[in-house]
Amino acid sequence: MARIILTSGLSNQFTSGQTELEIDAVDVRGLILLLDESFPGIGDELKREMAVAIDGQIYQEPFLEKISTNSEVYFLPRIGGGKNILT
Amino acid sequence: MSELNYKCPSTIDEATKLLATANSNAKILAGGTDLLVQLRMGMINPELIVDIKKIKETIEIKEFNGGYRVGAAVSGAELGEHEGMKNTWPGVVEALELIGSTQIQGRASLGGNLCNASPAADAVPAMIASDAMCTIVGSMGQRESRVEDIVIGPGQTTLQPDEMIVDFVFPERPPRSSDAYLRFIPRTEMDIAVVGAGVSLTLDESGVCTNAKVSLGAVAATQLVLEEGASVLIGSTLDDSALENLKSVASAACRPINDKRGTIEYRTKVAGVLAQRAAKIAKQRAEKV
Amino acid sequence: MAKIHVTTTVNGEPSEFLCDPQQTLLDVLRDELRLTGSKEGCATGDCGACSIMLDGRLVCSCLVLGVESEGLEVETIEGMSSGDQLHPLQQKFLEEAALQCGICTPGFLVAAKALLEKNPNPTETEVRYWLAGNLCRCTGYDKIIRAVLDCAADLRGA
Amino acid sequence: MSSDNKDLKWVGKSPVRPDGNDKVTGRAKFGADLMLPGMLVGKVLRSPHAHAIIKSIDTSKAEALPGVKAVITSADVTDLSSEWVPAGEVQINFRDLARNVMANEKVLYNGHAVAAVAATNNAIANAALELISIDYEVLPHVIDVEDAMAEDAPILHEDMFTQGVTPKPDKPSNVFKHVDIAVGDVEAGFAQADLIVEKSFKTAPVHQGYIEPHAAVASFGEDGKAELWCSTQGQFVVRLYCAKLLGMDVSNLRVTPSEIGGGFGGKTTVYLEPVALLLSRKAGRPVRAVMTREEVFRASGPTSGAVTWVKIGVKNDGTIVAGEAILKYQAGAFAGSPIQPGCMCAFAPYDIENVKVKGYDVVVNRPKVAAYRAPGAPISEHAVESVLDDIAKQISIDPLELREKNAATEGTNAAYGPKFGPIGFVETLAAAKAHPHYSAPLGPNQGRGVACGFWFNIGGDSCAAVNVAEDGSIVVSTGSPDIGGSRASMAIMAAETLGIDVADVHPNVADTSSLGYTFLTGGSRVTFATGMAVIEAAKQVVETLRERAAKIWDISVDAVIWEDGYAKPAGTNAGDFEPLSLGEIASTAGKTGGPISGNAALNAQGAGPAFGTHICDVEVDPETGRVTVLRYTAVQDCGKAIHKGYVEGQIQGGAVQGIGWALNEEYIYDDKGRLDNAGFLDYRIPVASDLPMIDTVVVEVANPNHPYGVRGVGEVPIVPPMATVANAIESATGIRMTELPMSPPKVLAAIDGAK
């Protein structure tokens, strides 16, 4: 089971405070689908807002990145040279 | 869009005629460092611009009764290259040279700085402290005036619409006389004075101050002449207690405003500090001449 | 509006143009003569990007009327190199990475050239104060000041 | 390849930049330098009010003025529905973007665009603006972030309900969203602390201050296709935004980036570009729109002003046991301040078990904030680095040692979550400690301060084409505008990969129709991400060159190696052939399979986070409050410096922007909410005579995810200066300044107050 960590912002909104989960998923796409089944609505939020760090490696636009059984997967807000505040 | 015309007369007579016929819709162009900004920003909308830089009297520096006549349109760069003025009136020269950048120095003039009538004008307190006179010509003829009698409020002068300043007269100086001008700005360059202080003085052989004049800028609607400041210096050797007195009378005399460049409290405090520091520099200079 | 005919010399070339009385020399150089090397960063004499030489004096062309240049000598960045030879200051700015975006560079070069012609051996402080009217937001000025000092040393050595 | 690779030929050197000659001769064409036949002048009418309802706009008089060819208002801009959509890696709300470009229903800040005209010359355009009459109903305004959060504050957007709070609020608010970051248990952490220090701070909004004002030239065709030339950090981003706002097919718009006169994040969005296009479409002629400096200050940028509070608990030995922060950032008139990265960066440099950060994104009647170098980070890290300085003093430990004791290293869980890979923070601390500056003597009224800074750095989408010309010279095309010498780094990486002279590589910045999507120049991503694309494309070229040589020699490609720009037989049994140069292979390319070209399109992952440590000496005039920076040293981990000179330049420039932020830069508003210092005269960026030389120390801890070990450089150096200078002032005067800018009146008041 991979260890999944959510921001406290997300956990307040969708998982009633739970920030750590154990889930089996082969890649980020699959993981988000599984999360959305247990916490309806979180999927869109994750796809729209979040980057992912798998074992320390940050992916700004995660989708097909592989997840191994003992991976540590952090969802964190996308960041960029201010490009997250363009409007 | 009112029609704007430009004229570049070569004599004072031509210039004053142009000013007279334009009845107060004309602006005089010397260095233009204020005028062009005001034009660009739409703050002024004149019908005629009279460029006085082709008039011999306004662009030359000449010796006069042991002192100097400095044309109203002489640039800071030119004044700064004039050994005589630098040695006799270093405070006046440094005041004009403090205005803006090297580029501004290529244009900015004593006449423009005075007639723009800004309370923060750098050259004006120095000229007032130096007891400078100016020559004014209008359609009614020529008159002389003390520089300190020209500015009567922000943007307001005692000049008539058809009058122009031709030159400034800096009198001959007795031995052991000198002057200094200091201003405070947030950066080291390129700002408008938050406070300015000009001091001119004369010492006797024993180092006692026999004559002094102190003027402050940017601490009231017009430049201030500190009679009291002069009297605390005269008769003293500009020792610490005299300078402390100068500091407090200078601060006491301030009637500043709060604006984007400084607060009442700050301007009042720093005016005293600068008057004190300027007096020290003037003293050191006077001891050397 | 009645345009005024002006005859002047730009970078050594006799030059004529028509301009409105309120048009600045910078507008004339850029829009009428198509010499766009002089830049408008502020139009109020605060940034120095439009620096030129007017009858041997360093000025901001945004604070000069086009009509004022009648009969005068105007020198711009376009006249700084000769043929395919860069001016030593231009060369030094390239070698020492004294520019990043390059928008302020023409103004700095014109101003620095004026300095070295007046004072071939300036101190760092003299260079910094002479160039205080030229704003640069990219470099922090360090490499610009070094380039001017190093170029001055080369020219003295040469 | 790693950064300690000794046999690098070009990487790390400082060759003259390929675009240098044009930039020292005035030949380079910047945004306002382009002219087209029949070109009109575009000008924008802006709101004199901070907050008002637009009751009506009458443009008839302006339209009737001879020489006026087009007038537009918000009626000409499609009012898009409010949705946050991904744009590249970015979240953007096109409705806000449209309404910032041209005010609709309400003006939300002094300087907000309300109409625009295109006329045959400047004077007519200006006259036309004066003929547009607008009936405003002035509303109460709010400028300060905490006033905007107050119960009774004037509301900017009636449809804004605070996000990230449950239950959903029932009334609108100026707080767009809350951000929460929590690791461990701060209460438990503080309970273990021997010393707890907490302080509040205020930072001023600051403008990027690029010397080149925004400029755009647009030419719209009758066929619905358009050309746009503009000064931007990202031509592809401009293309997307403009196409969306004008309802065009993205590919019908060709955007060509001019040379760009500085950006620092401020040219990552659009202001004039859609306006110029709309005017050109309406007038049927090319239109050039250029901002005045006053417009730049009133209507573009800046970064957020903020109110921050930080609480840190330590053991007597200096171990940080807990850190907590509350950050309130101004977003300007529309939602979207850099609060998120601000929260994430606050404690990022340190290994702290218990961290809690709460952030607020707050709208106020100011121009919409834009990106500015390491957006959000300088504001939160200023507070943390200031509090750390007080802690070091109170437990009498050297401020660098305090940071060394708690510094994040490889494997540390960053305060925002994931583990750090290889990072060079402690190396920068060690280099700072060893630097002669740190032990140099100080005089009276002088003080020394140190502080650190962190930024993530990013990668993202980049394309590159490497084309071999007939004579073997190389043209490298990328989609990344060159703000600070990136053409030079691209040329260096291509030359290194191809084993040829850097002078034979000619980089070029391509327009949106000539190359694939490339995300903008920002986030310190270009040398990393676009560099990876260039290296990848160059490797393809090398492969092709080996194949062609194999064909010429009629041997197997495996028997051909590429070395120092030549194809050579792999060994004696491969055959005895004279090495073939790139030129020789290129000249016969037609016979061996046609032109030789490499093309890469990638989304670069694995950007290397970067850290900096700065040292500053100041002298404080106790009678005037003037702070003079006497000496400044900036140490930074750059992974690998590709072009040494421009890496140093980035660090020096960033540090000096930070010094301006620390000492003099601020927005001054009058009681009507109008900006009172919209110019370089009273918005005081540092001038040459304000500064000493900026000494730089480049530390190189390679980023394993880049072929040459590159980390982004441009953002980090603006993070430490505000606290570095504040800490130096504290050391000189014993006074902790908590409000930026630390201008003479504030410093003097603090000194007198302490007497």
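Residue numbering begins at 1 within each chain, and the chains themselves are lettered A, B, C and D in the order written.
By our rule, a contact is a pair of C-beta atoms (placed from the backbone, for glycine too) under 8 Å apart; a residue touches a chain by one contact, two chains touch by 3 or more.
Given the structure is predicted, the values throughout are model-derived calculations rather than measurements.
Participant: Between B-D and C-D, which chain pair is linked by the larger number of C-beta contacts?
Facilitator: Comparing B-D with C-D, the pair joined by more C-beta contacts is C-D.
Participant: Averaged over CA atoms, how far is the centre of chain B from the centre of chain D? Could you give it in whole Å?
Facilitator: From the centre of chain B to the centre of chain D is 44 Å.
Participant: Using the average of all C-alpha atoms in each chain as its centre, how far is it in Å between chain A and chain B?
Facilitator: 68
Participant: Would you kindly tell me how far, in whole Å, the mean C-alpha position of chain C lies from that of chain A?
Facilitator: 55
Participant: Roughly how far is chain C from chain D, centre to centre by C-alpha average, rounded to an integer in Å?
Facilitator: 29
Participant: Listing for chain B: what residues touch at least two other chains?
Facilitator: In chain B, 1, 188-190 touch at least two other chains.
Participant: Among all residues of chain C, which ones touch two or more of the remaining chains?
Facilitator: If we look for residues of chain C contacting two or more partner chains, we find 1, 20, 43-44, 46, 129, 131-134.
Participant: Report the complete set of touching chain pairs.
Facilitator: Listed by label, chains in contact pair as A-D, B-C, B-D, C-D.
Participant: Would you tell me which residues of chain D are touching chain C in their complex?
Facilitator: Residue list for chain D touching chain C: 14, 16-17, 19-21, 23-30, 32-33, 35, 123, 208-213, 259-264, 290, 292-293, 483-485, 643, 645-646, 648-650, 652-657, 679-681, 685-689, 691, 693-694.
Participant: Which bits of chain C are touching chain D when the two form their complex?
Facilitator: Residue positions touching the partner: 1, 20, 30-31, 34-44, 46-47, 49, 76-78, 80-81, 86, 90, 93-97, 99-106, 109, 124-125, 127-129, 131-146.
Participant: Could you list, by residue number, the parts of chain C that touch chain B in their complex?
Facilitator: Spelled out, the residues of chain C in touch with chain B are 1-2, 4, 20-22, 24, 43-46, 48, 51, 54, 57-60, 62-65, 67-68, 70, 111, 114-115, 129-134.
Participant: Under the definition above, what is the set of chain D residues touching chain A in their complex?
Facilitator: Counting only chain D, the residues touching chain A are 84, 86-94, 96-97, 100, 164, 166, 178-182, 237, 265, 268-269, 303, 331, 334-338, 340-341, 344, 368-376, 416-421, 456, 458-460, 519-520, 522-525, 603, 605-607, 714-715.
Participant: Help me check something: in the complex, which residues belonging to chain B touch chain D?
Facilitator: Going by the criterion above, the answer is residues 1, 184, 186-192, 194, 260-263, 265-266, 269-270, 273.
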